[in-house]
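Here come two complexes built around chain A, the first alongside chain B, the second alongside chain C.
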Partner chain A sequence: MSIREFIDREVKGNDVVVFMKGTPQFPMCGFSGQVVQILDHVGVPFKGINVLESDELRQGIKDYASWPTIPQIYVKGEFLGGCDIVREMFQAGELIPLFEEKGIAVRDRAIG
Partner chain B sequence: MSDPDLDRIRTALAGGLNPLVLELENESALHAGHAGASSRPDGGITHLRVRAVSAAFAGKSRVERHRIVNAFLAGEIAQGLHALAIEAKAPGE
Partner chain C sequence: MAMAAADIERLIKQALPDAEVTIQDLAGDGDHYAATIVSEAFRGKSRVQQHQLVYAALQGNMGGVLHALALKTSAPA
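Let's look at the complex of A and B:
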(Lines of atoms letter the chains of each structure in order from A and count residues from 1; the text may use other names and numbers.)
(Lines give C-alpha, C1' and ligand atoms only; values in the text may rest on other atoms or scores of the structure.)
Protein backbone atom coordinates (compact mmCIF):
# COMPACT_ATOMS: atom_id res chain seq x y z
CA MET A 1 0.00 0.00 0.00
CA SER A 2 1.40 3.37 -0.94
CA ILE A 3 1.44 6.27 1.48
CA ARG A 4 -1.24 7.97 -0.56
CA GLU A 5 -3.46 4.90 -0.28
CA PHE A 6 -2.85 4.78 3.47
CA ILE A 7 -3.83 8.44 3.86
CA ASP A 8 -6.84 8.04 1.61
CA ARG A 9 -8.07 5.08 3.62
CA GLU A 10 -7.74 6.98 6.91
CA VAL A 11 -9.39 10.11 5.50
CA LYS A 12 -12.32 8.22 4.04
CA GLY A 13 -12.64 5.66 6.81
CA ASN A 14 -13.00 8.09 9.71
CA ASP A 15 -15.51 10.91 10.23
CA VAL A 16 -12.90 13.32 11.62
CA VAL A 17 -9.16 12.84 11.18
CA VAL A 18 -6.35 15.12 12.28
CA PHE A 19 -2.88 14.66 10.81
CA MET A 20 -0.75 16.24 13.48
CA LYS A 21 2.64 16.48 15.12
CA GLY A 22 2.49 14.27 18.18
CA THR A 23 -0.61 12.57 19.50
CA PRO A 24 -3.89 13.98 20.87
CA GLN A 25 -2.58 13.13 24.36
CA PHE A 26 0.87 14.64 23.71
CA PRO A 27 0.84 17.19 20.89
CA MET A 28 4.37 18.15 19.84
CA CYS A 29 3.47 21.45 18.22
CA GLY A 30 1.34 24.39 19.33
CA PHE A 31 -0.80 24.40 16.20
CA SER A 32 -1.59 20.70 16.51
CA GLY A 33 -2.33 21.22 20.20
CA GLN A 34 -4.80 24.01 19.45
CA VAL A 35 -6.76 21.82 17.06
CA VAL A 36 -6.95 19.02 19.64
CA GLN A 37 -8.16 21.51 22.26
CA ILE A 38 -10.88 22.86 20.00
CA LEU A 39 -12.14 19.43 18.94
CA ASP A 40 -12.08 18.22 22.55
CA HIS A 41 -13.94 21.34 23.62
CA VAL A 42 -16.58 20.84 20.95
CA GLY A 43 -16.74 17.22 21.98
CA VAL A 44 -16.34 15.62 18.60
CA PRO A 45 -14.54 12.27 18.44
CA PHE A 46 -11.55 12.27 16.08
CA LYS A 47 -8.63 10.14 15.08
CA GLY A 48 -5.20 11.71 15.49
CA ILE A 49 -2.41 10.50 13.24
CA ASN A 50 1.14 11.43 14.22
CA VAL A 51 3.09 12.50 11.13
CA LEU A 52 6.33 12.57 13.11
CA GLU A 53 6.34 8.80 13.06
CA SER A 54 7.25 8.73 9.39
CA ASP A 55 8.97 11.15 7.04
CA GLU A 56 7.05 9.54 4.20
CA LEU A 57 3.76 10.30 5.92
CA ARG A 58 4.86 13.83 6.87
CA GLN A 59 5.58 14.61 3.22
CA GLY A 60 2.74 12.46 1.89
CA ILE A 61 0.04 14.36 3.73
CA LYS A 62 1.34 17.67 2.34
CA ASP A 63 1.14 16.26 -1.17
CA TYR A 64 -2.27 14.67 -0.58
CA ALA A 65 -4.10 17.96 -0.07
CA SER A 66 -1.55 20.21 -1.77
CA TRP A 67 -1.30 21.89 1.61
CA PRO A 68 2.18 22.64 2.91
CA THR A 69 1.59 22.68 6.65
CA ILE A 70 0.50 20.45 9.52
CA PRO A 71 -1.96 19.99 11.22
CA GLN A 72 -4.55 19.09 8.61
CA ILE A 73 -8.15 18.30 9.48
CA TYR A 74 -10.43 16.14 7.37
CA VAL A 75 -14.17 15.78 7.89
CA LYS A 76 -16.09 13.03 6.11
CA GLY A 77 -13.32 12.64 3.58
CA GLU A 78 -12.99 16.33 2.81
CA PHE A 79 -10.10 18.61 3.68
CA LEU A 80 -11.36 21.25 6.12
CA GLY A 81 -8.18 23.23 6.70
CA GLY A 82 -5.38 23.76 9.17
CA CYS A 83 -5.21 25.26 12.63
CA ASP A 84 -6.13 28.84 11.70
CA ILE A 85 -9.17 27.77 9.71
CA VAL A 86 -10.49 25.45 12.42
CA ARG A 87 -9.96 28.16 15.05
CA GLU A 88 -11.65 30.84 12.93
CA MET A 89 -14.59 28.54 12.21
CA PHE A 90 -14.92 27.73 15.91
CA GLN A 91 -14.77 31.40 16.90
CA ALA A 92 -17.31 32.32 14.21
CA GLY A 93 -19.69 29.64 15.47
CA GLU A 94 -19.42 27.70 12.21
CA LEU A 95 -17.69 24.57 13.41
CA ILE A 96 -20.47 22.85 15.32
CA PRO A 97 -23.08 23.50 12.59
CA LEU A 98 -20.64 22.01 10.09
CA PHE A 99 -20.31 18.80 12.12
CA GLU A 100 -24.07 18.62 12.59
CA GLU A 101 -24.68 19.21 8.91
CA LYS A 102 -22.35 16.30 8.17
CA GLY A 103 -24.20 14.09 10.64
CA ILE A 104 -21.38 13.95 13.18
CA ALA A 105 -22.52 13.99 16.80
CA VAL A 106 -21.04 16.64 19.05
CA ARG A 107 -21.20 16.24 22.80
CA ASP A 108 -22.43 19.65 23.81
CA ARG A 109 -24.68 21.48 21.41
CA ALA A 110 -24.77 24.52 23.69
CA ILE A 111 -21.11 25.37 23.13
CA GLY A 112 -19.95 27.66 20.38
CA MET B 1 16.00 46.76 12.21
CA SER B 2 15.72 45.33 8.74
CA ASP B 3 15.42 41.60 8.34
CA PRO B 4 16.41 40.52 4.83
CA ASP B 5 14.51 37.23 5.14
CA LEU B 6 11.34 39.05 6.11
CA ASP B 7 11.89 41.68 3.42
CA ARG B 8 12.08 38.97 0.77
CA ILE B 9 8.79 37.47 1.96
CA ARG B 10 7.19 40.92 2.14
CA THR B 11 8.18 41.59 -1.45
CA ALA B 12 6.77 38.26 -2.63
CA LEU B 13 3.43 38.77 -0.90
CA ALA B 14 3.11 42.47 -1.68
CA GLY B 15 3.71 41.83 -5.37
CA GLY B 16 1.22 39.00 -5.52
CA LEU B 17 -1.55 40.27 -3.28
CA ASN B 18 -1.35 44.02 -3.75
CA PRO B 19 -2.54 44.17 -0.13
CA LEU B 20 -4.10 47.10 1.71
CA VAL B 21 -2.60 45.75 4.90
CA LEU B 22 0.35 43.40 5.21
CA GLU B 23 1.79 42.53 8.59
CA LEU B 24 4.44 39.89 9.00
CA GLU B 25 5.94 38.46 12.15
CA ASN B 26 8.93 36.20 12.23
CA GLU B 27 8.07 33.76 15.00
CA SER B 28 10.93 31.36 14.34
CA ALA B 29 12.71 32.19 17.59
CA LEU B 30 9.65 31.19 19.61
CA HIS B 31 9.90 27.67 18.26
CA ALA B 32 13.65 27.09 18.01
CA GLY B 33 14.46 23.55 18.95
CA HIS B 34 10.94 22.31 19.57
CA ALA B 35 10.30 18.68 18.79
CA GLY B 36 9.58 18.22 15.13
CA ALA B 37 10.96 21.62 14.19
CA SER B 38 13.52 21.61 11.44
CA SER B 39 15.90 24.45 10.91
CA ARG B 40 16.65 25.87 7.51
CA PRO B 41 20.02 25.29 5.92
CA ASP B 42 19.96 28.91 4.75
CA GLY B 43 19.09 30.23 8.21
CA GLY B 44 15.82 31.69 6.95
CA ILE B 45 12.43 31.93 8.56
CA THR B 46 10.76 28.71 9.69
CA HIS B 47 7.70 30.12 11.50
CA LEU B 48 5.81 33.05 10.07
CA ARG B 49 2.60 34.90 10.89
CA VAL B 50 0.88 36.75 8.05
CA ARG B 51 -1.96 39.25 8.43
CA ALA B 52 -3.17 40.52 5.09
CA VAL B 53 -6.10 42.46 3.76
CA SER B 54 -6.41 42.15 0.01
CA ALA B 55 -9.06 42.30 -2.68
CA ALA B 56 -7.55 39.01 -3.88
CA PHE B 57 -9.40 37.31 -1.00
CA ALA B 58 -12.84 38.68 -1.83
CA GLY B 59 -15.39 35.94 -2.44
CA LYS B 60 -12.87 33.23 -1.58
CA SER B 61 -13.25 30.52 1.06
CA ARG B 62 -10.82 30.26 3.94
CA VAL B 63 -9.03 27.34 2.30
CA GLU B 64 -8.77 29.22 -1.00
CA ARG B 65 -7.32 32.28 0.76
CA HIS B 66 -4.69 30.20 2.46
CA ARG B 67 -3.84 28.51 -0.82
CA ILE B 68 -3.28 31.92 -2.41
CA VAL B 69 -0.84 32.92 0.33
CA ASN B 70 0.84 29.51 0.26
CA ALA B 71 1.37 29.80 -3.48
CA PHE B 72 3.24 33.10 -3.16
CA LEU B 73 5.40 31.56 -0.45
CA ALA B 74 6.07 28.29 -2.27
CA GLY B 75 9.76 29.13 -2.66
CA GLU B 76 10.14 29.81 1.06
CA ILE B 77 8.22 26.65 1.94
CA ALA B 78 10.50 24.61 -0.30
CA GLN B 79 13.44 26.11 1.62
CA GLY B 80 12.09 25.12 5.01
CA LEU B 81 9.40 27.59 6.05
CA HIS B 82 7.05 25.10 7.68
CA ALA B 83 4.74 26.95 10.04
CA LEU B 84 2.49 29.57 8.62
CA ALA B 85 -0.22 31.32 10.59
CA ILE B 86 -2.47 33.20 8.21
CA GLU B 87 -5.16 35.80 8.79
CA ALA B 88 -6.53 36.68 5.37
CA LYS B 89 -9.32 39.23 5.04
CA ALA B 90 -10.94 40.96 2.13
CA PRO B 91 -11.44 44.74 2.37
CA GLY B 92 -14.38 45.55 4.61
CA GLU B 93 -14.35 42.30 6.56
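Let's look at the complex of A and C:
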Protein backbone atom coordinates (compact mmCIF):
# COMPACT_ATOMS: atom_id res chain seq x y z
CA MET A 1 0.00 0.00 0.00
CA SER A 2 1.45 3.38 -0.97
CA ILE A 3 1.71 6.14 1.60
CA ARG A 4 -1.00 8.03 -0.28
CA GLU A 5 -3.35 5.02 -0.05
CA PHE A 6 -2.57 4.70 3.66
CA ILE A 7 -3.36 8.37 4.25
CA ASP A 8 -6.49 8.21 2.10
CA ARG A 9 -7.73 5.17 4.04
CA GLU A 10 -7.15 6.89 7.41
CA VAL A 11 -8.72 10.17 6.26
CA LYS A 12 -11.81 8.42 4.89
CA GLY A 13 -11.99 5.76 7.61
CA ASN A 14 -12.24 8.10 10.58
CA ASP A 15 -14.69 10.88 11.37
CA VAL A 16 -11.93 13.05 12.83
CA VAL A 17 -8.23 12.32 12.32
CA VAL A 18 -5.25 14.45 13.29
CA PHE A 19 -1.89 13.91 11.63
CA MET A 20 0.37 15.25 14.34
CA LYS A 21 3.83 15.20 15.84
CA GLY A 22 3.68 12.77 18.72
CA THR A 23 0.52 11.19 20.13
CA PRO A 24 -2.57 12.64 21.80
CA GLN A 25 -1.16 11.46 25.13
CA PHE A 26 2.32 12.85 24.35
CA PRO A 27 2.23 15.62 21.74
CA MET A 28 5.78 16.47 20.62
CA CYS A 29 5.08 19.95 19.31
CA GLY A 30 3.20 22.91 20.73
CA PHE A 31 0.89 23.25 17.76
CA SER A 32 -0.04 19.56 17.78
CA GLY A 33 -0.63 19.81 21.51
CA GLN A 34 -2.93 22.81 21.06
CA VAL A 35 -5.13 20.93 18.61
CA VAL A 36 -5.38 17.95 20.98
CA GLN A 37 -6.36 20.32 23.80
CA ILE A 38 -9.08 21.98 21.72
CA LEU A 39 -10.56 18.68 20.53
CA ASP A 40 -10.48 17.28 24.08
CA HIS A 41 -12.10 20.45 25.43
CA VAL A 42 -14.86 20.33 22.83
CA GLY A 43 -15.19 16.60 23.56
CA VAL A 44 -14.80 15.22 20.05
CA PRO A 45 -13.29 11.72 19.75
CA PHE A 46 -10.49 11.67 17.20
CA LYS A 47 -7.67 9.47 15.94
CA GLY A 48 -4.12 10.79 16.31
CA ILE A 49 -1.54 9.63 13.77
CA ASN A 50 2.09 10.32 14.63
CA VAL A 51 3.92 11.52 11.52
CA LEU A 52 7.25 11.32 13.33
CA GLU A 53 7.11 7.56 12.93
CA SER A 54 7.91 7.78 9.23
CA ASP A 55 9.53 10.43 7.06
CA GLU A 56 7.55 9.08 4.13
CA LEU A 57 4.31 9.77 6.04
CA ARG A 58 5.56 13.16 7.23
CA GLN A 59 6.20 14.27 3.63
CA GLY A 60 3.28 12.32 2.18
CA ILE A 61 0.71 14.16 4.31
CA LYS A 62 2.09 17.52 3.21
CA ASP A 63 1.72 16.50 -0.42
CA TYR A 64 -1.73 15.00 0.19
CA ALA A 65 -3.29 18.29 1.26
CA SER A 66 -0.67 20.53 -0.40
CA TRP A 67 -0.19 21.96 3.08
CA PRO A 68 3.39 22.38 4.31
CA THR A 69 2.94 22.03 8.05
CA ILE A 70 1.88 19.64 10.79
CA PRO A 71 -0.63 19.16 12.47
CA GLN A 72 -3.33 18.59 9.90
CA ILE A 73 -6.95 17.96 10.83
CA TYR A 74 -9.45 16.08 8.67
CA VAL A 75 -13.17 15.86 9.35
CA LYS A 76 -15.27 13.33 7.44
CA GLY A 77 -12.58 13.00 4.80
CA GLU A 78 -12.16 16.76 4.30
CA PHE A 79 -9.10 18.79 5.18
CA LEU A 80 -10.14 21.31 7.84
CA GLY A 81 -6.81 23.03 8.40
CA GLY A 82 -3.88 23.26 10.75
CA CYS A 83 -3.54 24.55 14.30
CA ASP A 84 -4.25 28.21 13.43
CA ILE A 85 -7.48 27.45 11.63
CA VAL A 86 -8.82 25.07 14.30
CA ARG A 87 -7.98 27.57 17.04
CA GLU A 88 -9.50 30.46 15.07
CA MET A 89 -12.69 28.46 14.42
CA PHE A 90 -12.85 27.45 18.08
CA GLN A 91 -12.48 31.05 19.26
CA ALA A 92 -15.07 32.20 16.72
CA GLY A 93 -17.53 29.58 18.01
CA GLU A 94 -17.60 27.84 14.61
CA LEU A 95 -16.01 24.54 15.61
CA ILE A 96 -18.88 22.87 17.46
CA PRO A 97 -21.49 23.82 14.81
CA LEU A 98 -19.17 22.36 12.16
CA PHE A 99 -18.95 19.02 13.98
CA GLU A 100 -22.69 18.94 14.61
CA GLU A 101 -23.41 19.78 10.97
CA LYS A 102 -21.21 16.82 9.99
CA GLY A 103 -23.09 14.57 12.43
CA ILE A 104 -20.20 14.16 14.84
CA ALA A 105 -21.11 13.81 18.51
CA VAL A 106 -19.81 16.60 20.71
CA ARG A 107 -19.66 15.48 24.32
CA ASP A 108 -19.05 18.75 26.03
CA ARG A 109 -21.36 21.67 25.25
CA ALA A 110 -18.59 24.05 26.30
CA ILE A 111 -18.22 27.46 24.70
CA GLY A 112 -16.63 27.79 21.26
CA MET B 1 17.40 27.10 10.10
CA ALA B 2 15.98 30.56 10.50
CA MET B 3 14.40 33.35 8.54
CA ALA B 4 14.34 37.09 9.18
CA ALA B 5 10.98 38.80 9.67
CA ALA B 6 11.89 41.24 6.90
CA ASP B 7 12.38 38.35 4.45
CA ILE B 8 8.98 36.90 5.35
CA GLU B 9 7.34 40.28 4.82
CA ARG B 10 9.19 40.84 1.53
CA LEU B 11 8.11 37.45 0.12
CA ILE B 12 4.48 37.98 1.15
CA LYS B 13 4.36 41.47 -0.34
CA GLN B 14 6.00 40.20 -3.52
CA ALA B 15 3.08 37.82 -4.01
CA LEU B 16 0.38 40.03 -2.46
CA PRO B 17 1.42 43.62 -3.30
CA ASP B 18 -1.53 45.21 -1.44
CA ALA B 19 -0.96 43.20 1.72
CA GLU B 20 -0.64 44.85 5.12
CA VAL B 21 1.74 42.57 7.00
CA THR B 22 2.46 42.61 10.76
CA ILE B 23 5.03 40.07 11.96
CA GLN B 24 5.69 39.13 15.55
CA ASP B 25 8.77 37.13 16.55
CA LEU B 26 7.34 34.69 19.08
CA ALA B 27 10.52 33.13 20.36
CA GLY B 28 13.38 35.38 19.24
CA ASP B 29 14.99 32.45 17.44
CA GLY B 30 14.04 33.34 13.87
CA ASP B 31 11.98 30.17 13.70
CA HIS B 32 8.69 30.97 15.40
CA TYR B 33 6.65 33.88 14.09
CA ALA B 34 3.06 35.05 14.05
CA ALA B 35 1.88 37.08 11.06
CA THR B 36 -1.30 39.09 10.60
CA ILE B 37 -1.97 39.74 6.93
CA VAL B 38 -4.74 41.83 5.39
CA SER B 39 -5.18 41.61 1.63
CA GLU B 40 -7.92 41.89 -0.95
CA ALA B 41 -6.69 38.57 -2.34
CA PHE B 42 -8.28 36.79 0.63
CA ARG B 43 -11.79 38.06 0.01
CA GLY B 44 -14.30 35.23 -0.56
CA LYS B 45 -11.72 32.51 0.09
CA SER B 46 -11.87 29.87 2.80
CA ARG B 47 -9.30 30.02 5.60
CA VAL B 48 -7.47 27.05 4.09
CA GLN B 49 -7.26 28.81 0.72
CA GLN B 50 -6.11 32.03 2.36
CA HIS B 51 -3.32 30.31 4.23
CA GLN B 52 -2.31 28.37 1.10
CA LEU B 53 -1.86 31.71 -0.69
CA VAL B 54 0.57 32.76 2.01
CA TYR B 55 2.44 29.44 1.94
CA ALA B 56 2.78 29.78 -1.85
CA ALA B 57 4.15 33.30 -1.38
CA LEU B 58 6.82 31.89 0.94
CA GLN B 59 8.06 29.75 -1.94
CA GLY B 60 8.59 26.49 -0.12
CA ASN B 61 10.24 27.98 2.96
CA MET B 62 7.23 27.17 5.12
CA GLY B 63 7.75 23.97 7.08
CA GLY B 64 11.41 23.89 6.10
CA VAL B 65 13.60 26.90 6.84
CA LEU B 66 10.66 28.50 8.57
CA HIS B 67 9.45 26.15 11.28
CA ALA B 68 6.44 27.98 12.64
CA LEU B 69 4.35 30.84 11.29
CA ALA B 70 1.01 31.32 13.04
CA LEU B 71 -1.24 33.01 10.49
CA LYS B 72 -4.15 35.39 10.88
CA THR B 73 -5.45 36.36 7.44
CA SER B 74 -8.37 38.58 6.43
CA ALA B 75 -9.64 40.79 3.65
CA PRO B 76 -9.83 44.53 4.32
CA ALA B 77 -12.98 45.40 6.29
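Quick note on the criterion: the second predicted complex is superposed on the first by the 111 of 112 C-alpha atoms of A that agree within 3 Å, B and C clash if a C-alpha of one lies under 4 Å from a C-alpha of the other, contacts with A are read in each partner's own complex, and residues count from 1 in each chain.
The working rule: a contact is a pair of C-beta atoms (placed from the backbone, for glycine too) under 8 Å apart; a residue touches a chain by one contact, two chains touch by 3 or more.
This structure is a prediction, so every number in the text was calculated from the model and none was measured.
Novice: Given the alignment on chain A, is it a clash or a fit between chain B and chain C?
Specialist: The answer is clash.
Novice: Once the shared chain is lined up, is A:Thr69 touching chain B (first), chain C (second), both, or neither of them?
Specialist: Both: A:Thr69 reaches chain B and chain C.
Novice: Go through the superposed model and pick first if A:Gly81 touches only chain B, second if only chain C, both, or neither.
Specialist: both
Novice: Is A:Met28 in contact with chain B, with chain C, with both, or with neither (first, second, both, neither)?
Specialist: A:Met28: touches chain B, not chain C.
Novice: Kindly classify A:Phe6 by the partners it touches after superposition: chain B alone (first), chain C alone (second), both, or neither?
Specialist: neither
Novice: Check the contacts made with chain A and report whether chain B or chain C touches more of its residues.
Specialist: B
Novice: Would you mind listing the overlap between the chain B footprint and the chain C footprint on chain A?
Specialist: 31, 66-69, 79-85, 88-89
Novice: Sort out for me which residues of chain A touch chain C in the complex.
Specialist: Going through chain A, the ones touching chain C are 31, 62, 66-70, 79-85, 88-89.
Novice: Would you mind writing out the residues of chain A in touch with chain B in their complex?
Specialist: 21-22, 28-31, 52, 66-69, 79-85, 88-89
Novice: What residues on chain B touch chain A, complex-wise?
Specialist: 31, 34-37, 62-63, 66-67, 70, 74, 77, 82-87
Novice: Under the definition above, what is the set of chain C residues touching chain A in their complex?
Specialist: 47-48, 51-52, 55, 60, 62-64, 68, 70-72
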